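The chains carry the letters A, B and C, assigned in the order they are written, with residues numbered from 1 in each.
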Amino acid sequence: MSAILTELNALVLGLFILAAISMVVIRQIGACMQLFILQSLLLAASAFLLGASPLSWHLIALGCVTIASKVIVIPWLIRSLVPAEVHRRRELSQAIDVPAALLLSLALTLVGYAFAQHLARSAPSLSSGNLAMGFAGLLVGLLLLAVRTEAVPQLLGILAMENGAFLAGIAIAPDFPLIAELAIAFDVPLLAFIVGLLTRIAYRQIGTTEVGALSALRERAP
Amino acid sequence: MPEAVALNLAQLAFVLALSPLFAGLLARCKELVQSKRGPSIFQPYRDLRKLFGKDERVPEGSSWIFRTAPYLVFVVPLLITMLIPVLTSFPLFLAFAGDMLAAGFIFAVSGFFFTLAAIDGENPYGTMGASRTRMVGFLAEPVIIVALFTVSFVANSTIPYIVQQHWVHPIANFFAPSHILLMIAFFMIILAETGRIPVDNPSGHFELAMIDESKALEFSGRSFALIKYGGYMKFTVLAIVFLNVLTTPWGLAGDGSVPAVALAAGAVSLKIVALIVAIVVVESSYSKLRLFRISEFLGGAFAVSVTAMITQLLHL
Amino acid sequence: MIVYVPVVALVAALWPAIPRSDRSAPIATLAAAAATLALCFIAVASAHGSGELLVIKHWIELDSFGALLLTLIALVYFTASLFSWGYLKSERRPQRARLYYANFNLFAFSMLCIPLLAEVGLVWIFVELTTLLSVLLVSYSLTSEAIEAAWKYMVLTLLGATIAVLGVLTLFWALHSGGSTDFTWSGLRDGASRMPPALLAVSFVLLLVGYGVKIGFVPLHTWLPDAHSQAPSPVCAMLSGVETSVVLYVLLRLRGVYATDAALHVGTWFAVFGLLSVVVAAVLIVRTHDYKRLFAFSTVEHMGIILAAASIFTPAGDVAALWQMLAHTVTKSFCFYAAGATLLVTGTREISAVRGLLGISRGAALALLFGGLAIGGAPPFAAFLSELAILRAGIAAHAYALVAILAAFLVLAFFGVLWHVTQMISGRPEAQRLHPRMPAACALAIVLAAVPVVVLGLWIPADLGRLLESAARILGA
């Protein structure tokens, strides 16, 4: 791959992990969604860059599918299923405060890096940076899922984890069966649909979408 | 040798002469964006002339710190001008006297004495502003240190002239992720250190909400003029460090001839104007953060700079 | 031919889309389930005869391991649809009932597809689909606890699925760098020896954690008691009875691939997780306060037992593990029907609130007693023979520590289950609400589900035995 494409890809990866870390700390729910859209665009950009030379229609198709499903369909689904009032909200409760969350996500990024560097030595891949940032993105998405109590950021956490997994995937498995990837393209919007529906049900029945605060089910002393 | 002296004097003259102009431009642009006419871009010159002619009043219990701080605030940016590439891309004779860490320390000297003078001034708002400035300062420190470390990993040096060479050869280095992330982090630091929105409101009048402005409340006459002038020059010097060393080191004179230097002066002014536009855009888009959220803002800058360092260290 | 198996379920899923079909939807579902069961038996018989059935090479293949699982899924689908008919008779809102049936059939469809697929990537997609299609079923009753349970289930399982997808991609990377691109079960076995060990290790960890969340290994099991107790009872039977077993099937299929690298200590990891699940689940069974959670913890325990049996790596151990899977499925679905009947009759899930069930409803009480005995592993029920086979295989393989811990905690769990059940059955009747009578469909479902539990405890039909053995051969290959 030519030098400028490598550098651009590295830039895209840096911005990708930055988007993931910002998603962990941003409190406005609508802004969290916009960061997710940005992250998905960066994933598609990385697919396009990796597929540019040597030319791989597979990767370019994957990039287009990502844009169609994650940038257009899923945000539309979430915005239409979850009541608009929820999107304007700020999340008030914090499991850990912002600077601690930032430091923890940086630590997780380092862990992901170290891990992937170790792996990249065992077998060839299109780009070891993708593998590193993919693992890091997965871990940061996991952190996002763990520290947020509102429903929509938790859903975005799962989707961010998938973004990370696929960022690694496009570099390590570029000729993964296309039909599997197309099916994934239909699977993820279905995920967003069902979770959006559940959020809507929760909002209607319980009156709140702060699902992390629900804790009625646990073991009590008999 | 005389040529080197002349070039150094030219750099000092550039900073001295044009800093109030840039400050005036910034104020005018902000007002224009808000659909107002705004003051003339030469207004800071008129303010300084007026202030230099006025009487000075000093609080009764104040000490020599109160009287010497304004001179320090005025002189320090000029000292730093001699260390960084302002108009030329080749090092001048004082260039190796101090690197960027030294520049940071020298800035800290002026900030230190200014803060002490604010407390010395026996104005409660001054003390409040001093403690807030220290808070912003210590939160910004890790970012600057990490940014400097990253730059030193890249260029194997922290001398500004050497660092500047690295980003332009080859051109692909400009798009290196560590470079772009450093730009973002340093831009956030400029906003914090020069007291711009979202950290502080430079045109606010409400003392309880001030961070930087309230330190200067007790000064009058010549001291106040020196402090204002020093503030304008600090902004210009930080902008030059950002633009000529870290981000866009183009347009500097390759030799000491008069046309090349004049052209360089024009190019650097244009770059600073572009930065001013960017700052105006940011200032007009956001609102001032609450005090306790400044740590989140600077924490974000820290995250960006550490990401830059990681991407550099692991040779992405 | 076997392609029609899941298609029938898919058609039944579309039936409730017809307006005013709330009366006919349960009948359509039942018919589809019966048809599926019949088609299954035919397919299994033909697969068994020729050893393997290929419909579309590399995509849809059925061998005896898959056939075993397919039969289990179809059986529970059938009894669960019968039970749903009676269970939902009290549902006043026809819209909700139609949604339930549509969702129920889609859920069955997604599970039925998994044993038929040979392409590992597609299997992952369908495993994730089983989660997505069962989430709304878990939250069906729309109480705050049900929604909380559904949300926890969804979040934790999808988290596991995302970790698993990275594991699948890493496995593909390993296969690819070994030189092959045949990403099917057989292709993986063939290419296993050429895979780089580091990648194999990483994908093992990721898949163990990722699929382990869905199977319910301790410490990844926290969603399981909530989801499997808050869902409507027929859905619980499907979730506990087959869904966890299906994902365990996927994990066991990969055991052969990872076992080629001795440094991975696959056996040790399986034994550790298996025993941990058994120990923790047994302790929690004793302390639980809700009888549906009791059965859910029992599912965790049984998944641990199967995994511990699979860690022995001998043919006898493999046969015993699959036998346990079979016994668990038929017994656990029966238990949840009994629990569902109890819930209908008493209206509460709390053990402490139910006393004297024998006086309130003879049928529910007897069913609960038999269920408790059966799942605890008492003779003459199916689980007793399978657990005995596991212990014998362990002793024969000199895994004495494993056998000792397993035996001890099996006994503990047995006492726990029986203590709670007898507390509920005996005494003076207190809680008497809702139906004093069980709907006929529910009673019929309970009786039908009880048949395999008792029969398999006494005698294994020769065909079934041969199926088990050829499935174990595939597992151990």
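Following the convention adopted for this analysis, contacts are C-beta pairs under 8 Å (C-beta built on N, C-alpha and C of every residue); 3 or more make two chains touch, one makes a residue touch a chain.
Remember, it's a predicted structure, so these values are computed and weren't measured experimentally.
Undergrad: Taking each chain's centre as the mean of its C-alpha atoms, which one ends up farthest from the centre of chain C?
TA: B
Undergrad: Could you name the chain whose CA centroid falls nearest to the centroid of all protein CA atoms?
TA: A
Undergrad: What are the two chains with the most C-beta pairs touching?
TA: Summing C-beta contacts for every pairing gives the maximum at A-C.
Undergrad: Let me have the rounded angstrom distance from the C-alpha centre of chain B over to the C-alpha centre of chain C, please.
TA: Inter-chain centre distance comes to 66 Å.
Undergrad: Starting from the mean Cα coordinates of chain A and chain B, work out the distance between those two points in Å.
TA: Taking the average C-alpha coordinate of chain A and of chain B, the gap between them is 37 Å.
Undergrad: Find the geometric centre of each of chain A and chain C from their Cα atoms only, then give the gap between the two centres in Å, rounded to an integer.
TA: 30
Undergrad: Could you say which residues in chain B touch two or more other chains, in rising order?
TA: Where chain B is concerned, no single residue meets two or more other chains.
Undergrad: Taking the complex as given, what residues does chain A use to touch chain C?
TA: Of all residues in chain A, those touching chain C are 118-119, 121-125, 134-135, 138, 141-142, 145, 151, 154, 158, 161-162, 165-166, 168-169, 172-173, 175-177, 179-180, 183-184, 187, 190-191, 194-195, 197-198, 201-202, 205-206, 211, 214-217, 219-222.
Undergrad: Note which residues of chain A are touching chain B in the complex, please.
TA: Those in contact with chain B are residues 3-4, 7-8, 10-11, 13-15, 17-18, 21-22, 25, 98-99, 102, 105-106, 109-110, 113, 117, 129, 132.
Undergrad: In their shared complex, at which residues does chain C touch chain A?
TA: Against chain A, chain C makes touches at 119, 121-122, 125, 128-129, 132-133, 135-136, 139, 142-145, 147-152, 154-155, 158-159, 162-163, 165-166, 169-170, 172-174, 176-177, 181, 183, 196-199, 202, 225-226, 230, 284, 287-289, 352.
Undergrad: Would you tell me which residues of chain B are touching chain A in their complex?
TA: 170, 172-173, 175-178, 180-181, 295-296, 299-300, 302-304, 306-308, 310-311, 314, 316
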